[in-house]
Amino acid sequence: MADTAVIAGVGPGLGESLARKFVAEGCRVGLFARSADYLEELAADLGDDALAVPTDVTDPERVEAGFEEVRDAYGPVDILVNHASGGAWSGLRDISPEEFERAWRVSAYGALLCSQTAIEDMLDDDGGDGGDGGTIIFTGATSAVRGRGGAIGFSAAKFAVRGMAESMARELGPLGIHVAHVVIDGQIEPPRVRESQPDRDGDEFLDPDAIADSYWQLVEQDRSAWTLELDVRPHVEEF
Amino acid sequence: MADTAVIAGVGPGLGESLARKFVAEGCRVGLFARSADYLEELAADLGDDALAVPTDVTDPERVEAGFEEVRDAYGPVDILVNHASGGAWSGLRDISPEEFERAWRVSAYGALLCSQTAIEDMLDDDGGDGGDGGTIIFTGATSAVRGRGGAIGFSAAKFAVRGMAESMARELGPLGIHVAHVVIDGQIEPPRVRESQPDRDGDEFLDPDAIADSYWQLVEQDRSAWTLELDVRPHVEEF
Amino acid sequence: MADTAVIAGVGPGLGESLARKFVAEGCRVGLFARSADYLEELAADLGDDALAVPTDVTDPERVEAGFEEVRDAYGPVDILVNHASGGAWSGLRDISPEEFERAWRVSAYGALLCSQTAIEDMLDDDGGDGGDGGTIIFTGATSAVRGRGGAIGFSAAKFAVRGMAESMARELGPLGIHVAHVVIDGQIEPPRVRESQPDRDGDEFLDPDAIADSYWQLVEQDRSAWTLELDVRPHVEEF
Amino acid sequence: MADTAVIAGVGPGLGESLARKFVAEGCRVGLFARSADYLEELAADLGDDALAVPTDVTDPERVEAGFEEVRDAYGPVDILVNHASGGAWSGLRDISPEEFERAWRVSAYGALLCSQTAIEDMLDDDGGDGGDGGTIIFTGATSAVRGRGGAIGFSAAKFAVRGMAESMARELGPLGIHVAHVVIDGQIEPPRVRESQPDRDGDEFLDPDAIADSYWQLVEQDRSAWTLELDVRPHVEEF
């Protein structure tokens, strides 16, 4: 039977590439994001194997309802990608406490809610290792391993997410759930953008379809050799 | 003139040792914590150079008022220690979203509020490097660099704090503010506890007075060789 | 045309799994190791796509001759796996300087020699990016990121290798050569060993075939999203 | 009684500042370096508490003899600073194997020889914790934590040293020996150079006297709160 996946935080870019890749690999995918219009369009393009679920991942009730909708359509969730992210590109001198909180709430708190709901389908009824297991992948950034000057909200949120991923990997690995964290180092640009500007070579950008391939490999890994963390960057990136 | 310090999150243990050390080195210290009783007792013991300021560091107005109280008594703040920390010793399966949020709010959000208020005294009026500078130290933990299984709230909060510290160091170092993060690896036990149990050697615990010495060295460092991060652990600690 | 690979340091375990995987994916593989007997046997088993090249990777002339042999048989080298490793499981108090040196020489110095020879085939004649590019993968260990007590020779050697890999990734990535470092966390045990002991579940071991899958994914990655480092461990591993 | 220190790799810059600081704090210091002339001059300037010991730290017999000379003059060694370092500022394409080896031999192999000789004075006769203990500090660099493109020899050597330090800290901490690693991030410039060029502010350089203060603090730390690693950089450094 096909795997069921939830991608939380879908937009044009990596989220969309993940959805396309997972469907191409035979998954049925629930797409979570706040903007209904974009989701509907993407889901329509993907056909029967994708479901648009307009959801605010920071709202516990909406998250619960969103997962129910996916389960009703496709069955228990096997794969979760915590991909939602909040900006907050200011330093300590300029950020408002609200903006700082928002970055954390979308990235970390939302991922907690989605993960807690998803593991209900991956563990047995007692929260033990008798379930079918699953995969939970977090989208990280360089600012998750190296706090960026002038981006305190983003850095704090992305560090928090990495700490969650490591904690969850230690807790849930022995229970059959593969938790992984992908450090994306650089700017993502879809090939279609590049193709529209034939004068640029685009080497300095990450192709989201290529990143999606690495996410899928994480899903496919045998549990005797699971990866907790990998980084991806363009071959010309200075780092 | 004596330096003015704020220690946010004072309790018996490292917070108290920091207060005693800073006063011994000639500072005048504002003590922030939620519990008034303990603070009053400690301040009385420390004399004229310490001020008890019962404060909830997660409340912007209380933080602002607390700093005002310290400034009125001792003048502009030169040193801030972000030492408040929220527990959250559960894994993904058991933690409530409220507990997860609380850990972040005390550790990270509170540190943001205190830091934003403190730098007003350290920078010039335009937020530039024409001020007197200062020192901001964060208390970290092993769970800030290595997410702990079964402690997702604590890990996410401590990672967030480390990301903040790194971001602030990059933003504020050139402006004359030394930002540092201390990774405390192990259990802290005050010597007085140890002395009451003469049968134990206590080697497995960190002496908070010894840690306070390292915090003070960070304050004293020349700005041509500032430390962003150091770790401390008992000599017998396995790590 | 098929890719040509060199695996330096082949033995029963991960080296053999890499050879089998690369041949299965269409590569022709040069097998380097000191022991001729084992290599001949493995090469015979793999058929026309594998060449046994008994080689001491710490001897510049032998390395040069070994690559020549592979080039003569299969053409220019596209992929190199620096997999040779020297033990040195003693602490400072017990290790001899010779043992300390040996660990470094096999792991780091040998990898330098092989890498310098391999990139001749991957760059253009001026050492620039006009060549066909290629992939160089280093086998690392947990002791490459966390110095192990009682294993100073192994830790120093594995750290050195990781430093080389990072340096090479920064130098060679823009020239079209993908350099990656795999942190293997745990004990490897081939499935055939496991199968001979049906009473054990073997969950605590890494399956080398599963690790080889991840190496192959590194070879396959699009250069817009190259991975420098990933870790692999059994799902039950405590870390 | 005064502590006896050995500083291996003394030159004008940090080595000299360490010697001056340690003597000022009451130590008697053996100065190891290859160049006799400079050592004699420095020792003469420091008086009875410093001994010039021209030594090649990569030669086991010379190291043994050097320590004997220091012991004869000042008694058993309490403090060792492994400060010798070999350059190797080339990338994979340009470095010779000899240059790569030289960097490792001076930095890592020499530190092994010095450390093995020094701990004879710090442990009891059985290599146990019944001795007086001591302190061993390694001078590291940013290239010890982040492999630098175009400096493969230096990166591999500095990574190796960091791996050694971590391994030794875990082995020797419980035996009463404090092992620490200092990551120096930036260029060092002695104040006397700066003073000769009054037009420059010199903010971009590390003052070696300021770094020496942090080394001394490591020596002074109470063993209930030892630091394994700290970094130092100028306040204006971009990192």
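Order of writing sets the chain letters: A, B, C and D. Residues in each chain are counted from 1.
Note that contacts are C-beta pairs under 8 Å (C-beta built on N, C-alpha and C of every residue); 3 or more make two chains touch, one makes a residue touch a chain.
As the structure is a computational prediction, the values presented were derived from the model and not from experiment.
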{"item": "Intersection of contact partners for chain C and chain D", "value": "none"}
{"item": "Angle of the C-alpha superposing rotation, chain A to chain B, to the nearest 5 degrees", "value": "180"}
{"item": "Inter-centroid spacing, chain D versus chain B (mean Cα positions, whole Å)", "value": "31"}
{"item": "Chain centre separation in whole Å, for chain C relative to chain B (CA means)", "value": "45"}
{"item": "Residues within chain B bordering two or more other chains", "value": "170"}
{"item": "Contact graph of the chains (line, ring, star, complete, other)", "value": "ring"}
{"item": "Listing of all chain pairs that touch each other, if any do", "value": "A-B, A-C, B-D, C-D"}
{"item": "Sites on chain A touched by chain C in the complex", "value": "170, 173-174, 176, 178, 203, 205-207, 209-211, 213-214, 217, 220-239"}
{"item": "Residue numbers on chain B that touch chain A, as the complex places them", "value": "60, 91-93, 95, 97, 100-101, 104, 108-109, 112-113, 115-116, 119, 123, 127, 143-144, 146-152, 155-172"}
